[in-house]
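Chain naming follows the written order as A, B, C, D and E, and within any one chain the residues start at number 1.
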Amino acid sequence: MSEASRIGDTLLEVKNISLSFGGVKALTDISFDIKEGEVRAIIGPNGAGKSSMLNVISGFYHPQEGEVWFRGEKRGALKPYQVARQGVARTFQNIALFKGMSTLDNLMTGRITQMKTNMFWQAIWKGPAEREEIEHRERVEHIIDFLGIQAIRKTPVGRLPYGMQKRVELGRALAAEAKLLLLDEPMAGMNMEEKEDMSRFILDVNDEFGTTITLIEHDIGVVMDLSDRVVVLDYGCKLADGTPDIVRNDQAVIDAYLGVSHD
Amino acid sequence: MSTDNTILSIKNIEVIYDHVILVLKGVSLDVPKGGIVALLGANGAGKTTTIKSISNILKTERGDVTKGSISFEGERIENLSPTELVKRGVVQVMEGRHCFEHLTVEENLLTGAYTRKDGRKAIADDLEKVYNYFPRLRERRKSQAGYTSGGEQQMVAVGRALMARPKLILLDEPSMGLAPQLVEEIFEIVKALNEKEGVTFLLAEQNASVALRYATYGYILENGRVVMDGEAASLADNEDVKEFYLGLSGGDKKSFRDVKHYRRRKRWLA
Amino acid sequence: DLTFPMLSYRTGPYGPNGTEFADGYADYFTLLNERDGGIGGVKAVTPECETAYNTQKGVECYESTKGQGALVYQPLSTGITYQLIPKVTADDIPMHTMGYGRTSAANGKVFSHVFNYPGTYWDAASVIMKHVSDMEKGDLKGKNIALVYHNSAYGKEPIRTLEELAKRDGFKLTLLPVDHPGQEQKSQWLQIRRERPDYVLMYGWGVMNQVAIKEAGNIRFPMDKFIGIWWSGSENDVLPSGDKANGYKAVTFHGVGTDYPIFDDIKKYVADTGKAAGDGSNIGTALYNRGMYAAVLAAEAAANAQKMFNTKEITSGQMRDGMESLKVDNARMEALGLKGFAPEINVTCENHGGPGLAAIQQWDAKTKTWSLITDFVASDRDIIDPLIAEDSAAYAKENKLTERECKS
Amino acid sequence: MSPVILNALEVILNGLMAGVMYALVALGFVLIYKASGIFNYAQGVMALFAALTLVGFQTGQIPFAHLINAIFGTKLHHWGDGMNTFLAIILTMLVMILFAWLLEKIVLKHMVNQAPIILFMTTIGLAYFMEGFGDLMWGADIKTMDVGLPSGGSFWLEDFTRGWAAEGTEYYGMYIDVLDVWAAGIAILLVIALTLFSQYTKTGRALRAVADDHQAALTVGISLRSIWIIVWSLAGFVALVAGIMWGSKSGVQFSLSLIALKALPVLILGGFTSIPGAIIGGLIIGVGEKLFEYSIGSMIGGATENWFAYVLALAFLMFRPQGLFGEKIIERV
Amino acid sequence: MFYREAGDFKTSYAKDQQSFPIKLDRYWVWGVLAIAFLVVPFFINDYWEKSVLLPFLVWSMAALGLNILTGYCGQVSLGTGGFMAVGAYACYKLMVAFPGLNIFIIVILAGLITAVVGIAFGLPSLRIKGFYLAVATLAAQFFLVWMFNKIPWFYNNSASGMITSPERLMFGVPITGASAPPWATYLFCLTLVTIFAFIARNLTRGRIGRSWMAIRDMDIAAEIIGVPPLQAKLSAFAVSSFYIGMSGAMLFGVYLGSAEPTEAFGIDKSFLVLFMVIVGGLGSILGSFLGAAFLVLVPVLMKNIMVGGFGWPADLAAHLELLFIGALIMFFLIVEPHGLAQLWRMTKEKLRLWPFPH
């Protein structure tokens, strides 16, 4: 697949977003867009407002100013679950798995937006509910295979080591089969090998399903290799926006974030 | 490598969670006084468990050290309370930023000095020092820690440990979630403390390249066993370490885009 | 053995009261065993089962003891009573709810196995009002009378009777419910203080009594115009208020204190031999006496049954018949060492409620004693009987029962 | 002034006083919650236990007399005439500290890092245990609490306010219970002292840290042991105060433990973590429920106070889910 | 090697998703059910019925209900007593108003009515969380009980405000009323509980159950990945109250036969059910049964041992009983905070490894 055909029209656009908490300005007048099929990275120093930006996109924070456009339409003040139902899935910086459930159930929960049978049939189980369950189970098993987590299918996620939890969380986001996948530091706490694996997954998802990915990551190597375009935030302001090469050599970015130029 | 110089020595410990899950299967390691020892290993290898068994907070997770011994400065410490350990100078920085959410950043730092008895002045000085290490925290000192960003929380956790003026710091993934610049800074701080104040470090770290750069000695843990150990420099030269932990197969850095789908096999050639 | 199971409660919110009653009940049977060798030569046993005033535990206690040859049940809880009414009837075991329970059970034609002699809640209400009327020289017109009651089935019992009486005598009735447990009664007593009712009646139990009496003292309500039901007239209720409780009254259907010959026997055979239930410190309290009296009546009925059926080991069915034809006259009371302790009793097939006589007792805070200040007087039958008929008819209808024939 | 207004004033005044009494109990809850994140259901039973012990010492009861008698056939009950109130209070406090110490040693130690609901459950077990234990130790009979606090209506206020009503109306002056005034004074002192302690001392800060994260507190060297012993002793002290006040009001017996139910709405209204919140919550609940009962309750059958207190608290929570002064519940991802 | 799953292969997802994926478990369940349905009715007597089996079944139903709300959806409720009262009064009014209606249907209708009330009182849960919610649910508890105590319509104007259940038949056998034979009431309750235990199991393993558990484990994250909190919480309240309402109806109609709101449905009942759920195991169907059994049986057992066995005075025994139950609860929580069900699970895990320690 060539670069040009992989990336399509604008999928999501944020315009002039400003967000503050009491005195703290987390985001100031941020605009950028995400194109269909691309891997878009957001980087910046700690406390720059990256996670807050993801929270705005997924509808958890409501910015004081600015608009979010999704698939060419302006999005009103939606509840987070409504945003999810529109096709936005995400992972969290501080792992937010459902600790009391098994890996499998966590992944199945990721599919919740697509499951329909009503309570009556659920109570009876035999029939539509079971059929639906199996149908979705098959898809989830596919993801389980894909991520190589067969062995921990039935383990309660609370018991898993940190890195494995990150992987399950990615799985849960993947299970939603969303248009837009928001990943908040998916590789924090992983060693090189695991980062490589994770990169592979991200690229494969992007390739195979054409899923658009927005990625926050502090490992510059990963960001530069994986992403098509990068937004740099600093203290809530946008510092730079462009291809990895442009960003990497931007002096402001080097000063604020990279410390030394990474190439 | 157990010499008089050893500040912490773990001999053959086994750890079982919930009475049934065997996680550490005979781990031994030694930390020399004034050294920086890195503990590397894949997810779930047991790094965190090792560190928790040293600081003795495993019990709170229904884990138990069933075999082996741990000694600090020549004394057995398996049965000391965490408080006693802190008083003796062993402080842990927990993985995954355990801040006191409802306390402000400054209050968080001050609780770090809880066991200290050397007076307000000394504590205030150290607070100042931590703020100098992490200027970002000075800005957020009055905010509730629960509302600070992930990286800020990580700084709070590290800063809090420094406030205890420890002899040995157990750092569990200090670099997780920190911006690259800050990762370097944290390790610079580690180095400075190590050199200037003689603090010893045992750090579990995923970022092997940085860790091995700053460490003097390293252990590699797989599946609850030590599979390899050695001087940091020699580890960094090992082919497997290069491939799996440093991402430098065949000597040069390759792109993340070029990773293969199939699994690679570890050889652990010493 | 003759088995008199005790469904008592010595724990929980009403534990202190339950303990005194239970001690009295047990001690009397101990006395009979020690002194007379039992009832008609057969030893009486009192297996005890703790209910904690909890209906469920009460049912469990009932089921666990009924197989042991239980002769009569006295659950000392209105809630448990209601639970057991259909069960005892089905199991052919009589139940004696002395001065509590379902008032309309006085109608023996409907409630064949339930007895509530010698008096009911409605008798109590009526006797109290008689006393009030005496104090007001017979004229209650325009008077304001407040009822402070435990907000439960028990506390609500007298309302109907009082409403009838209010209609007849022309007084105004103010209702003041107090929720379990009743530690906070500020609102009620402020209201009383504001409205200055002429009299306050109380149907309380447990801590509610103590707090009410204390609050009444605090607002300096004249204590002689504050009259409680017999369940609000124990030492426990007045002692915490100290001097302020002086003059408080309560209605009762039996005598107070230890001035009866029987107590010499209890001392001799029970207390001094270390066989007393509990630590023996309760002997002579109002509730102890009531428990003892309940035991007296049970023993008398058992003896009666033994005579009727000419057998020593009676069954529960025979016990029921014994209760239904129980007669305790003054001579018998004297023989029991209880002269003047309680009025004569004459139970019949129609009337399971007994004579309905009651007296007023008053508290003297100096000497810390109760004393009877009136004779045992009768209640207003013409008010109460129709109410009983009405309520028992409703019960019969709901449960598709037909009234028994009573041959007289 | 018309009597109606005066009466309403009186109701408000008494509501305030009742509120203070509730707050006394609520304070114990707040202390423990703040310091360990434990919702201590046993607070009411602790008050009962403290009161029982105090009266037991005062009157010279022999602990466990009943049990001993039952086993050995002895006839113990009292040893002499008891002791001076002050001494009895000191001894009771020592007992409460001993209790805190044992509790930590036997139970809480194993409960580090458990889910809040499990901790809550543990305290319910504790409540059962203490109830049985208290009964065994001191007997279940009703005891009279007398530590020399005055009680009864205040003549002064009555006389003072009698003239306030308009000429010709029937008005008896305003009523207030002197015991309540004492309780209010004591409660205010307690609140001030406890607030200063928790906000401005090192130990206070450690308490709050423990409530947030047991494990992290351990890693900075805070000894959960000593913290828990301190807090439970403090809570024991507050329970003793509440026990004295409520015991003087209604006698010492099982029902005393049920005052916990009156404290709960106060607690959520004020916020689990706020010491001043306990007192302000108490005042609001006290006035609210009394005014409601006075104005509307009596029209719909009375005895509304129990549920109204909860409904009132609920109404406040709808606007501030963490109570008026509680720490904001942190919701972040 | 007493307990094994090796060799028990599953060849389809359906097999893997069934209620009891392990064969041995399945046999156990069928065995227990067979005994309960086919053997026990022949040996049951009044004592076992009223003191052990009916309370066990009734409280199991309540515990199932609360476990759905608290164990699966994470909303702690102390309103159980109030909701049971709704069930009981609904049952009473229906029994009286429609004498011909089948009692089975009445119990289910009573549950449905309670579900509606439950939804209404569940609304605050959208804003209020944790212990704040727990305490707030006491508003339901106190208000409902007050209402049933105050409004004469609910108790058909009876003098004392007690309600008494009239006799109702099913297949010609009385199920309610004093003359109902023990086996009939037992089978009636057993059938209801069995059916609804399976339904609870079904609900909790599918979409709805997962959305409840997601809310329980992390409500914000759940909302962000697409679980509508309103729907999830209210459905949990509804289903839970449905169960609790049915248990209230059974408690009043079949087990006790009469009830007074302040006493039969007081706050101590709310706590009792909560104990059952926690001691048994939050988020476990089996735990609901174990918890109910524990709290119904242990007091009975203890009383029998102390009073019947050792002949101790009843009051001492009562005090000791409180003390022991308290101590036992604490002991269990120390040994296994996740309840009896978890203890059972760990035992199985050990058996599976036996004789090797790990």
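Basically, a contact is a pair of C-beta atoms (placed from the backbone, for glycine too) under 8 Å apart; a residue touches a chain by one contact, two chains touch by 3 or more.
Quantities reported herein were computed from a predicted structural model and do not represent experimental measurements.
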Those chains which touch subunit E and also touch subunit A: B, D
Chain whose average C-alpha position is farthest from subunit E's own: B
B-E compared against C-D, more contacting pairs: C-D
Rounded Å distance, subunit C centre to subunit E centre (Cα mean): 37
Subunit D-subunit E separation of Cα centroids, rounded to whole Å: 32
Inter-centroid spacing, subunit D versus subunit A (mean Cα positions, whole Å): 49
Subunit B and subunit D, separation of their C-alpha mean positions in angstrom: 45
Sequence positions of subunit C contacting 2 or more other chains: 10-11, 19, 151, 179, 278
Where subunit A touches two or more other chains, by residue: 60, 92-94, 96
Sites on subunit E at which at least two other chains make contact: 146, 220-221, 224, 313, 315, 319, 321-322
Those chain pairs that satisfy the touch definition: A-B, A-D, A-E, B-D, B-E, C-D, C-E, D-E
Complex contact set, residues of subunit D against subunit A: 333
Complex interface listing, subunit E residues touching subunit C: 46-47, 49-51, 55, 96, 146, 149, 158-162, 164, 166-167, 177-179, 256-260, 262-264, 266, 268, 299-300, 303-304, 307, 313-315, 317-319, 321-322
Subunit E-facing residues of subunit B, complex: 16, 18-22
In the complex, subunit B residues that touch subunit A: 17, 21, 40-45, 48, 95-97, 136, 140, 143, 147-152, 154-155, 173, 176-184, 206-209, 243-247, 253, 255-257, 259-261
List of subunit E residues in touch with subunit D within their complex: 70, 76, 124, 127-132, 134-136, 138-139, 142-143, 146, 150, 220-221, 224, 267, 271, 274-275, 278-279, 282, 312-313, 315-316, 319-330, 333-334, 337
